[in-house]
Structures are given as structure tokens and as C-alpha cells.
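Every chain is named by a letter (A, B and C) in the order it is written, and numbering of its residues begins at 1.
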């Protein structure tokens, strides 16, 4: 019995000698970034540039941008392989860039591909770019080997300021698209004198880009939609930059929903902050002073947030705060209350609370 | 003396054989199928569905209580007569062949996507099934030992989802009850996840120490139900039911999103540990296949291990395309599960009447 | 069993016919009481001549003045009254006389008496008890076994002051009879295990010759074609004693400075004797590193190969950059590259093993330079491959048992081939095959992979980790048939 099995096993080994057309690692193109562009006029509308590593030996790494033009996303591989000297494999990418034009045109195909193709990297970062994505890949990276790594780095650490959410990756993109009561919100990158820069957030309606909200407003939107992100807030006196309070704050958000004729969202926004600058008071800070500073921040932020909410409800008319999901959790995933009309009518009460956990080392 | 020939298992091994006969491919796909109807309350249906393994375990306990260690074939003969006993065994044989082949095909489907995309399906099927036959040929005792050790070994796998516990959202779970009707409607589809527990009937006579036999059945049911419910819950909690229903293997998706420093994602470690489970479940199934086959044809156990091999391969090749497999299983498994359920309830009643 | 005859020449001829025809066989003829013929037979280089002269020949020639022909049981009478040798034995048949003479005993044959006296005058040259070269210890006794079974038994007996100690002697081999002994603790060892060992030892009694414990090991183990050693070999008496108290038996054989310990389970081969004398936490750490190193030896190169050949997506991009860069311009396929390195390392290891230590060191240095520097400089082998392969080599030295280390090192090659053929699937299946083989093995009725499978929770206290000595100084249950059998 055992002998028979051994014989079978040996025959099998002889049968499957390892010629599968698999290539060793040095013959595979290591791709690090993919872009999605569109040319609406041409017959081959899709143009997907990719950035990949070119290894020169002795630790020297260069990069190469190769773009494929075709009718669909995967047809671009057809185009690209005709000029590539290595095997094309998906899975090592670190960054997805989508051009603004493409996003406005709709990215249903990309969202479908990301779910269906199991080789895609779900942890890759994703952003919308101002012009063509190829342009961004062709920039010169400063302290990285590739542009993809540079932009991925920007997106990775953007949560440290402006209250951007912690995860800006493909996984989160799929969650935002698929979960009820949510919509896609992605950072927007422009070319700032040859360097990439995050200047806005893009809000999608379904799979199409709807609004581009500049960072000044997005600051307060981010404050409500993200959790445990960080940002710096200042209160100025007489618009004089030398006279201000500044805190580095971390946001904690608690939302409850009820329905009385209209939806009522009660948002408790707690900002736990460290005082970084205080050039207004010129004496040692007492408990009372601290309370006063907290109060000043609370008033200031409440005002700004109210302004933002009004603008969102009246101008943008869609939920940018990512709060409809709370309604979905309360009233069911298929409730009619999740519509945009209900959001426009909804009453959003924000209660801001600022807590200074640390006043810094200065005693003055 | 040199070899321990007797084919006996301990009660602990009994528990783990039951667990390993059920937990396999299902842990990856069960959240998907159960959320189709029950939506975010799929995990509740999963708990309710635990009634199926519970019934089967209780029935095999009744068999033991009234007929002691009578082997399953003799028990059927005494209850139903020779002819019907043969038909019942034939039914079990076909059932188990379907189970084993479907697991084999499913295993290939996952491997082909992740680590064995360069191999031909035949190579993978033959290779894996050879390992299975080799394992099963040692008999029940070896399977008992394997189930025991691999269970401990691969239960690390259930710790991985804990890595994302802070990243999900309870909003995805709420409202906790989508609708009572939907939850109850999807209970039968959870039964299919629990298919395989029937092995309990076959191995019951070989358990050495039956002091807490009833409790052992309950414990294994509890473990199985916990595993399935936990994974379903985690999937809904992390992905939301919308995404869960869109992906064939949602658990796999979760593993891909766990980031560690040395390997690019947890997928590889997951496949490594999970393969152990698959080998276990197939070894259990193959044991029953060979056992029933050898009982029906009076061919010795070890030989029937090999003789049944081509059947398994044939079925598996037939089931390789994932959508085809799902269509076939979607039609056959409900019939099988409800036949077995009826059979066990009738048997339990018959046993009560005829037994001591 | 042929009895001795009364004719002295007939007896002598018969004895000599059983002995090798050599110049060292001495037949000293003397006359007792100036009339009775007496022969003293011995093998000169195995005996202490002084004691023969002093304690046998001298009293027989000068002290014995009686007429022994009329005395009943004359041999016994002489042994009792005149022979001043500590061990003297009266024999009546030819049985084993030749073997006894070759053990260094001295036979006194007296004319017209059909019994003989066998005196222990042996003085066989043997090595001094020295420190072991193979099993080095930092803490623990230094002495190790020698080739003489009597001294070895003495070393054990000296350490076990218990009335439970049993030593059973036996002779192995048809052509060349070799002394062997089974040592065990009565009441601690499981009787079924003991029976199995005795049964198997008796079965190999009739082979022509057995020279070393290695022969016995292969002849009595359950799975001669298995990958793993199923009996433990040790040079250290204190290890033997520790194992005796755990319910195992030791097999000693004359001419081999080793004791065989049976039965043995898998995890024992990863446990050092010193673990118990070291501090608790450090010894736990050391044990964990050993298991880790075994896994490393088995899996590191195959996984590295799959990463190179098939699944580059398994590693993060930063690591890919490093590997990719190092692989550029290497002419060999990954599999061949790794295989050549592995074989080169095995050559170096096997070559250095039997060389005298100064030359062995040179070999190590030259080999290290050739492989480490020259091969990478020449672009034959990539530096990352070198790192992976040499790490596994170093890891393999951590396994305390030499045979187990060899087995695991050997298993690396099938795993490598599986990895080349089937990629990561091959590695997975290979690993599980090893597990399946392990759980199906038995050593003298004890499951080889216990206490893991079948699981014995109380015995887990002394496996990969160990708890405090208070917890583990008892007899393991998995070495008992009743509970651990299944």
C-alpha cells in the first residue's frame, strides 16, 4: 500500500516537471502605481499609465512610466505588453490615481474590477488628481525612488493634519461605495509647481465625482466625518497672527439620530487638544483661563461648522459628513429616510466640546 | 504489538473530528451566502442554524443510548432490514463523495487564485487527493489525532480577525434585526454550512470513553456554531453586509487587508493554516466514503480508500468552475440536508421504540 | 549443553576448537600434589597474569598437599579452599566456556574430574572515562561512557541508588557474541513497553554479529524507512539515569560508548539535558528557539524559492526591491542556485566532520571564503540566497540531537523539490505530510508525536516550554500505554 503510493508519487513528480512558464522574480515588472485617465473624444477612451521600477543592479533603482491606451481597463494590458520587456503582474501596486475627468465620467468599471480581481492590493492608497495622472507620475520625486511612493506617503500621513481620515485606501473606497448611507470621499491632488499637493476633497454621487470642496471648508467637514484624526486649530484676535491661541486637537465624534417629521442628527464633537501657542494671555494660565480658552475655541468652531453645514445642505445638497450611515443603522438599510432630500431637510445639531488635556510646558 | 492496531478514538478526538468534518471551505463563503437574505442579521441565522448539528449529535447520542456500540451499518440493518440499510448507506456514500469532491474543487478554486495559478487543475487535484488518501488510509485513529492537533494549530487562524476589531464599525451590524422573516428564511441556508456533521453516526461506536457523550456532542456543536457565527459577525462588522454579499470569500478579503511587516498580507499565513483544515475535512469525508464503500462491497478498508479515489476526482473535476459548483451544491445540498434531517429524526424515533 | 568429560585432553581439545587459533591462548600444565594433572587455560592479553600467578598457580602448586582424587566435588573443594580469586565459578558443561575465556576469565581443568573452575582474572584494556567530545555540557556531569560495558553499567549503577533498578544481560549475535544489557526501573517503566523492547531484542539475537548500538537501533525500530530517529543515543550516564526515571529503558552493548534509550518521542530530540539545570525562563527561551530553528531549517529555503520563482506578491515591495536587485545578472535559475548552495554547505559540513580539528578549521575557513565571498563576487550566487541558506545551516546546529538534526536537514531537500514543483502549495502539502507521518508513527507502542497528538494536556508542561521543576518531576503519562495509547 505504502509502496504503491510512493510509486504513484514518483510518477507524478516525473509528470509535472516544473515547466509552467513561470518566470523568476527578475523577469517580472514590479509595478508601484496605476493611473486612470480618459480621452473622451478618441475611440480608445481609456488611458492607464503605470509606474514601475527599473532595476539597474548594485542597489540602483530607476523608474519607468508606461501608458496603455485601449477601450477598457484590462485591454490596456494588451497595449502595454506590446512594448514591455517583462511580465506584467498586478498586486504590488501602492497607489491608485484617478484623474478628475475620469472621476466625473464615472469609475464603475474600476470599482467592479477592484472587487473581482483578487490580485489587486486592497491596501494601496487612492486619490483624485487635477489633470492627467500621467503628469503626476512624470514628476521628479524628491526623497523617494518613485512618484507613487511619494504620493502614497503624502496620503499615508495626511491624517496628521486637517483632520483627514486615517485610511485613504482601496479597501476604504470599496466600503464607502458599497455600505448603505455612505458615499465616496477622496482627497484631491494638484500640481503645485511640480510637486503634488492635497488641496481639496472630492465627494462622489454614486460612482461619479459630484463636488470638489476646497480644504478651507473640507477642514470642518473632515472634522465631522473622520475619527481620531488630528489637526491644528487657531483662534486669532483682531486678525493678528501674533495674537492667537493654537491647539493641536484630536477629534472624537458621537452621533445620534431621531426622526420627528424630519431627521434630527445630534452630533457630539469632542476635541481633545494640547495647547501649542497662547500669545494672548501674558500671565500663568489658571484653570479659569483654560476654561476661557476652551470656550473661545468652542464658539469659534461651532460658528464655522454651522456655516459649513448650511453650505453643504444648501449648495452641495448631498451628505458630505458621512452621517447618513447612522440613520441607516437606526432605521434600516433600506429606509427611505436615507435619501438626499431627507438630508437637505434634516436638522443637524453639533455640540462642540473642547478639552485642553495639556497646557504645554510654559508657565510664563 | 509494535503498532497500535485498534481503531479507537478518545472523546476529545470525537469532538474535534466533528468540528473538522464541518469547518472547511464554508468558513470562507458562509457569510456571503447567509447575508444574501438575512442581510446584517446573518449571524443570528447562523446561531439558529446550529440546531441542525445539535439534532444530529443528539440522534447519535440516542443511538448509543439504546443500542450501545452497535456499528452504524448493523444498527440500520436491525432497524430497517438489510435492503433499506444498503440504500441508506448508498445515500451516505454519494453524499459524502459530493461533499468531499466539492471541498476539493473549492480548495482548488481558492488555490488557483492565490498560490497555484500556474498549476493545472488536474495536478492540484491529484496531488491534494493523494495526500488525503494517504491520510485516510491510516484509519480513524490517525484522523482523530490529526483533527486534534490541526485544530489547535489552526485555531490561531481565528485570532487573525481580531486584528481588525478596532477598524470595523458597529453601524454595519445595526439595526440588529433586519426582519424576523428574513432571518428565519435564511436559516436553511445556514444548515448547508453545517453539513458534514453526519460523520457523528459513523464514528460514534469507536469512541472509547463515553462518560459524557451527550456533552461531547454539545461541545462540538457549540465550537462549530461559534466559529461560523464569529466569522459571519466579523465579516458584517468590518465589510458591511453589502460588500459581504458581493464577494465569494469575504473572510479572505479581510485577511488581505491585514498588514504585517514581513509578508505583504496575512493571506499566506491564512492559506497555510487553513489548508490544514481542508485536509482534515477531506480526510474525514474520505474516511466515511471508504468506510461506507467497504461496508457495501465488503472490500477491505484500505483498498476501498484507493478504489473510491477516481470517483472523487471525477466529481471534483466536474465541480471546478466556481459558479457551476455553487449551482450544483445549491440544488443538491438542500435535498441532502433535509433527507438526512428526516432520516435522523425517524431513526431516533425508531431507536426509541425498538431499543432497550 | 554438553557436559565436561573426565578425560582432561578431550576437554581441552574441545575448548580449543571453539577458540580462535592464536598464540595468545596459554595452556599452562601443572601437577597438583605432584601427581594430578591440571591445566590452566587463559588468553594471555585479556588476563591479569599477576593474579593468575599469585592466586591460582601459587596456591595449587605449593599449598595443595591433599590427595584430591578421592575428594567428592573436588573442583568445588579446591575453589573453596585454595583459590584466592574474588570471583570463581564451578562449571559442568562446555556452554559458553569459549566466550568466558575471551572475556578474560581463566579456566582450571583438573584430570579425572568432570567439573572445572572458572576464575575472573580479566584485565581487558579499555579507555579511561573521559569527557564527551560530541555531547558537550556546560552544567552537568562530565563523565561519558566508554567501550567497556561493565564500566558503563557501573557508571549507571553508581548514580541510581534505588532498589527498582534492573539490569538484564543478554548475548547478541550468532557468530560473534556481544554482551548487551537492558537497564530499566521496575515499576516505573510500562510493562507493555518493556515487553516490546525485550521481544524485539530477542528477535535480533540470532543475527551473525552486532557491533554497535546503531545496528540495534535500526533493527528494533518500528519504522526503518521513516525519516526520524525513533531511539535516542547518548554518551552521558546522567542522561540515561534521567530517562530511566521517566519510565524508559536503556540498551547498552559492549564495544559501543553509547546507550540507546527506548522509547523516544519526537519532542525529546529538541530537549537538552541542561534545560532542567538552567534557569526556568532562559531554558524556555532556548527551547522555543530550537523549535523555531527546526521550522526555519525546514521551511526557510523552500519559501524563499517560491518567492523567487512563483509568488513574488507574498513579500512587501521594499523586500522585493532588495531581492530583485540581488538577483540581477545571476545566471542560474533560482532552484539551481539554492540547491547548489545547499549541497555546497552539506559538502563542507560532511567534509569537516571527520577531519582532525586543525584541518577541519581550515576547510571551514576556505569554504566560507569560497562560498561567501568569491561566489557572490563572481556573480554566481546572490547575496540574499547566501543569507537564507547560511541562516538555515546555523539554525540546524541548534537542534541538540545530532541524528534529529540530520533528519531535518535531509527533509529540506524533498521540501525544496516540492517547492520547485508546486510552489507554495508544495510547501504546504510537504509540511502537512510530515505532520501526518509523525502522528502515525509509534515508538514501542508509544505514539511518536505524543503528547501533542494524542494530546495529553498534563504532559504539555514539559515540551516546547517547560514549567518549574516542581511541576514536571513526575512520570510522564504519555509513556504509559493505558492512557496515552490512542
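By definition in this document, contacts are C-beta pairs under 8 Å (C-beta built on N, C-alpha and C of every residue); 3 or more make two chains touch, one makes a residue touch a chain.
Quantities reported herein were computed from a predicted structural model and do not represent experimental measurements.
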Could you tell me which pair, B-C or A-B, is linked by more C-beta pairs in contact? B-C
Max Cα-centre separation from subunit A goes to chain C
Just how far, in Å, is the C-alpha centre of subunit C from the one of subunit A? 66
Need the CA-centroid distance for the pair subunit A / subunit B, whole Å please. 40
Could you work out how far the Cα centre of subunit B sits from that of subunit C, in whole Å? 46
Residue ranges of subunit B touching at least 2 other chains are 118-119, 123, 127, 134, 264
Considering subunit A alone, which of its residues make contact with at least two other chains? 16, 22, 119
At least two partner chains per residue is the criterion; list those residues in subunit C. 310, 313, 317, 422-423
So in the complex, the part of subunit A that touches subunit B is made up of which residues? 1, 4-5, 8-9, 12, 16, 20-22, 115, 118-119, 121-123, 167, 171, 174-175, 178-180, 325-326, 328-333
Quick check on the complex: what are the subunit B residues that touch subunit C? 1-4, 8-10, 12-13, 111, 115-116, 118-119, 123-124, 127-128, 131, 134-135, 138, 141-142, 144-146, 148-150, 152, 208, 261-264, 268, 271-272, 275-276, 279
So in the complex, which bits of subunit C are touching subunit A? 307-310, 312-313, 317, 320-321, 323-325, 327-330, 333-335, 417, 420-423
In their shared complex, at which residues does subunit C touch subunit B? 192, 195-196, 199-200, 222, 306, 310-311, 313-317, 319, 422-425, 428-429, 431-433, 435-436, 439-440, 442, 444-445, 447, 449, 452-455, 485-486
For the subunit A and subunit C complex, residues of the former touching the latter: 13, 16-18, 22, 24-26, 28, 30, 32, 53, 55, 57-61, 89, 91-92, 94, 119, 145
